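Input: structures, listed below.
Two complexes, one shared chain (chain A), two partners (chain B, chain C).
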Partner chain A sequence: MDVDKAGPGPGSARSRGRLPAQLRTLVCERAVLDRADGSAKWTQEGSSVLAAVYGPRQAKLQKEDAERAVVEVVFKPRAGLQGHEDRSLELEIRGILEGVIPLGMFPRTSVMVVLQVLQDDGGALSCALNAAAAALVDAGVPLNSMFSSVSCVLTSDRRLVLDPDASEEQAAAARFCFTYPHHFDLTQAAPAAAAPATSASADDAAAAAVVGESVLGTRCVGAFSSDELLDAAALCRRGCERVAAFARLSLAKSLQAAGGS
Partner chain B sequence: MAAPAAGAAAAPVTDDVDAEAFKRLYPDQYYQRFLAEGVRPDGRPIGRARAVTIGAGTITTADGSALVKVGRTTVLAGVRLEIMRPDETAPAAGALVLNVEMAPFSSADYRPGRAPDHVSAVVEKLSSALLGSAAAPGAGAAAGTAGAAPERGGGGGGAVQLGSLCIAEGKAAWRALLDVYVLDADGCVLDAALLAAVATLRDTRIPAVRNTREGQYYAARGASAPAAEEGKEAGGGGGRKGGKAGEAGLVEGAPTAVGLGRLPLALTCCLYGKHVLVDPTADEERLAECGVTVVVDSAGQLQGLYKAGGRVLADTATLVRCTEAARLRHRELSAMLEASLAPGQ
Partner chain C sequence: MAAAGASAVKVRALVPGADVALIERVLNVHDAPSSTTFVCVGDEISTEGQEGFLRGHGTQVVDGKLVATVCGVVERVNKLIYVKTLNSRYNAEQGDVVVGRVADLAGKAWRVDLKSRQEAKLLLSAVHLPGGIQRRRNAEDELNMRAFFREGELISAEVQSVHADGSVALHTRSAKYGKLVCGQLVEVPPNLIKRQKQHFHTLEALGVELIIGCNGLVWVAPLRPDRLAAANAAAGGGGAAADEDEAAAAAAAAPPPPSRTQLEVVCRMANAIRVLTRLYMPVYPASIMATYEAAVEGEAALADMLEPAFLEAVVAQEAQRRSSAMQE
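Moving on to the complex of A and B:
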């Protein structure tokens, strides 16, 4: 699928001239909350989610498990009470986190992740998962692998468009959200190995993000065919590479800032 | 089957360990022994789904009903129709109100008070399959039991065509109250609930509508034949687009069945190690903790794909396998559905 070409024309171009495979501007702030063990605020231009991680801490007796940690997720929508969709998303996010956190390392504890949607302009689930990933790193919870999430939609003229905003989501024939695990391959160092110390952080960031072939979690709703599903999976995987690279860059910068002060 | 516990290799085993005890103590080893042979504890091959029984029209007091059994999972669904005034934003559409409840005896995990989490997941996926994702995220109101806010307007590609529930545009339309009761939750509750909901909607027979002189519409239940005759005598009362005020009698052209555009049916597979177990029971679901649910419609188009649980990653080959299994299952189930609905009609 040719998704890197520019939009077909002024009539059907995306808002602000975004390309079909272009992500929105990503911003990640860490250590936003004082009381939480870890917190992060992830913004994708119009959508913003605040994640707070409490744990691993002692679990309540009714909820504890003698052999592993218990992951609790609370997903609060931007406005109103929690509905069925929110509780369903909690279940899905919990499933993804259970796959990524080594639960057997902390028996009888609980890891609580609270996600609050601050602004919703499309792709809230992806935003929440990315925020959760950043918050878990901020809390220092060990993880089997990092993960990143990206949404895409199938427009009514059967074209795939990455990182939709709310109007694109409403008008879409199908919505996809894929979460992929990723790790960094430090053996592929940048060629400027003898560069001065100031570019050491650039070296770090240049380590290639390797996104897994297999999906951690997915949520696809609408009317689509198997081919469109596979195309969406491939497109989201490419988007996840960019999110992974950004997340590492943002983490490196915040650690540098913390180390410098 | 008498099998010694896997860890007691050194000590002499004098008693035969009960299979049930082995299953509880070492569930992973218990299942591995079966999967090594390519079967599951209930005797099914890995890729086979459970037998399905569909009983349509079981509840005579409801306008439509169906009792569905998938293996031991039992779901009862019923539809009750009432006349309402359509919303101004969608004057030619009816409404479908979905309510899903799990009976206390349905599963061992039931706790009084807050409904279990998977009920919300079932409600959300069911309403998305039947009504489409037209509602904005988070628009569902939290109810005491697992009810969903009434959805209006037939947008977003849902299966139920709400326009088919209209009696007189802007004046009267049908509101279908669809209740789904899960009587026994033994795995794949969503699949059974969706099948029951679809069977109920297909089984629903909408009663005739009569209107009074003042323009009030009411359902004429249990008097279909004489009402039709009276209608003819009264000179064919109100037309479809709202009768003239002051004309009483039978409303002609009112809908008789709920329009179901495409038939959405679901299949859940759980991923356990390298195996893809089709249509797992509750024990298998708990063990694997990782499942892929695929919702397909009659044209072979996918309507939803959900992968929950991150313990096992799913590559594209696995996803394709699950969608193919779902398509096969759809063919099988829709044939069975037609067969169970045919004699009644």
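Moving on to the complex of A and C:
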């Protein structure tokens, strides 16, 4: 299915003329909290999640594991107490984080990730996972690879639409959230002949994001066929490339502002 | 009630990036480009031109290539390659002087919180017993452990060994280590503390004792006669028995409570360390003294030392010091 085609048609008009495969504006603020080891606030236009990472630090005796670190995730919804849905999201996020953190490196410690939904306009799980990735980087927790997450929905006329907002999620036949690991291929960065002040940013922008083939985590709700699932996976993988490129740019900016010493 | 002398508590909103903006404003630079590029998680670190290298923190070997596991700046010191992050927890090395808080008593050991990844263990057999130096610890010693250090007390110690799984063993086998009372504790990011020959500093002219723990906890206290004797005894070395009797005698006589001027000096030193932390500048005796003297000469009030005005003065002073050092 041709998702890059814009234009009028039943079910294809998105708010403010967004293309079906277009992501919302991304904003990432790092080191927002004082007492946490690492923190980040990730915003995708209407959705915003604040992540705080505490660790690796001494685990409680009942929870400690003598051979590996223990990952604890707390997912707090925007309003109200935690429900069963939030606990299920905690389990999902914990599984993804256990895949990227080298647990065997820190026995008897615990890494606690607290996610607070500040605004929810669709795609809260993706927003939370991206915020957790940025917070882990801010905390200096060693990771096997970076990861990024993107949501998409299957509309009632069987079209895939990337990065849905709340109204699109409500009206959808099925919702998907995919998380992919990524790394950067620095050999593709062409040496820039620009002035020294911009060469650093030019190198980083040219470094291509290479998203892994296999998925770190998926969460699918609704009725869909296996072909639609594979198409959604491929579409989200392309979306993750763009999120990865943005995350690296935002990290470069924040590291430069803090000083290279 | 005369309210002229009493100053109200000032509440300031936390603005992330305000300190960086302050530094940029004073130095008149905007969006200064960093001279070193950074690596991200999963980026390969080049080891060309280097046969044999030591892999440090923040790296791992994947498929024969050296790959970064954290986002930061690559540092190369001789053959050691590691990735330095902006903030990270303290990693203990053997021989480090640390300041920690006793968290728990377990069996024959105290568990000490060093603000690191794991709590460190201080074994009963590794503690300096008063009176006899080497003697077998018996069951009575074990029952009297709380007489030494209780939960919640601050102690200074040295790292005896770091095991393969990351657990740290401490010892206080010298008169200069032990319980810390009557002073101020300042928490500093461990990245700002450089390992040096001396971590115990007795500034007799000011009457202040300063302990710069490698784990980022800095202890500032008014200098007490028994601590001065202990420091001299540790420095002196030989004749240990005689000096320890002296120290014990001095400790037996309760030290007089510190005077107001002494307390103000201690507060000013602690604030100087807090200023260095806000500006993310290395914390070592020379920089602390420079900031302290700038505060004294500028006659900055104790409460105003963390205001932007004084911070700007410190930044300007440091910039001048570095430019004159570079010109030499």
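The rule we apply is simple: the second predicted complex is superposed on the first by the 249 of 261 C-alpha atoms of A that agree within 3 Å, B and C clash if a C-alpha of one lies under 4 Å from a C-alpha of the other, contacts with A are read in each partner's own complex, and residues count from 1 in each chain.
Simple rule for what comes next: a residue touches a chain if its C-beta (ideal position, glycine included) is under 8 Å from a C-beta of that chain, and two chains touch if they have at least 3 such contacts.
All values reported here derive from a predicted model rather than from experimental measurement.
With chain A as the common reference for superposition, the partners chain B and chain C occupy compatible, non-clashing space. In the superposition on chain A, A:208 makes contact with neither chain B nor chain C.
Shared-chain residue A:78: touches chain B; no touch with chain C.
When the two complexes are overlaid on their common chain A, residue A:252 makes contact with chain C while staying clear of chain B. When the shared chain is aligned, chain C comes close enough to touch A:58, but chain B does not. In the overlay built on the shared chain, the residue A:102 is in contact with chain C alone; chain B does not reach it. For the pair chain B and chain C, the model built by superposing on chain A gives 16 Å as the shortest CA-CA distance.
Remark: chain C residues 14, 16-17, 20, 31-38, 40-44, 58, 60, 69-73, 85-89, 113, 117-119, 165-167, 280 touch chain A in the complex.
If you check the complex, the residues on chain A that touch chain B are 77-88, 90-92, 95-100, 120, 124, 170, 173, 175, 181, 212-226, 229-230, 233. By the touch rule above, chain A contacts chain C in their complex via residues 29, 31-32, 34, 37-38, 55-58, 102, 106-109, 137-146, 182-184, 186, 196-198, 200, 203-204, 248, 251-252, 255-260. Considering their complex, residues 117-118, 120-121, 123-125, 127-128, 133, 136-142, 146, 148-149, 157, 289-290, 297, 300-316, 318-320, 323 of chain B touch chain A.
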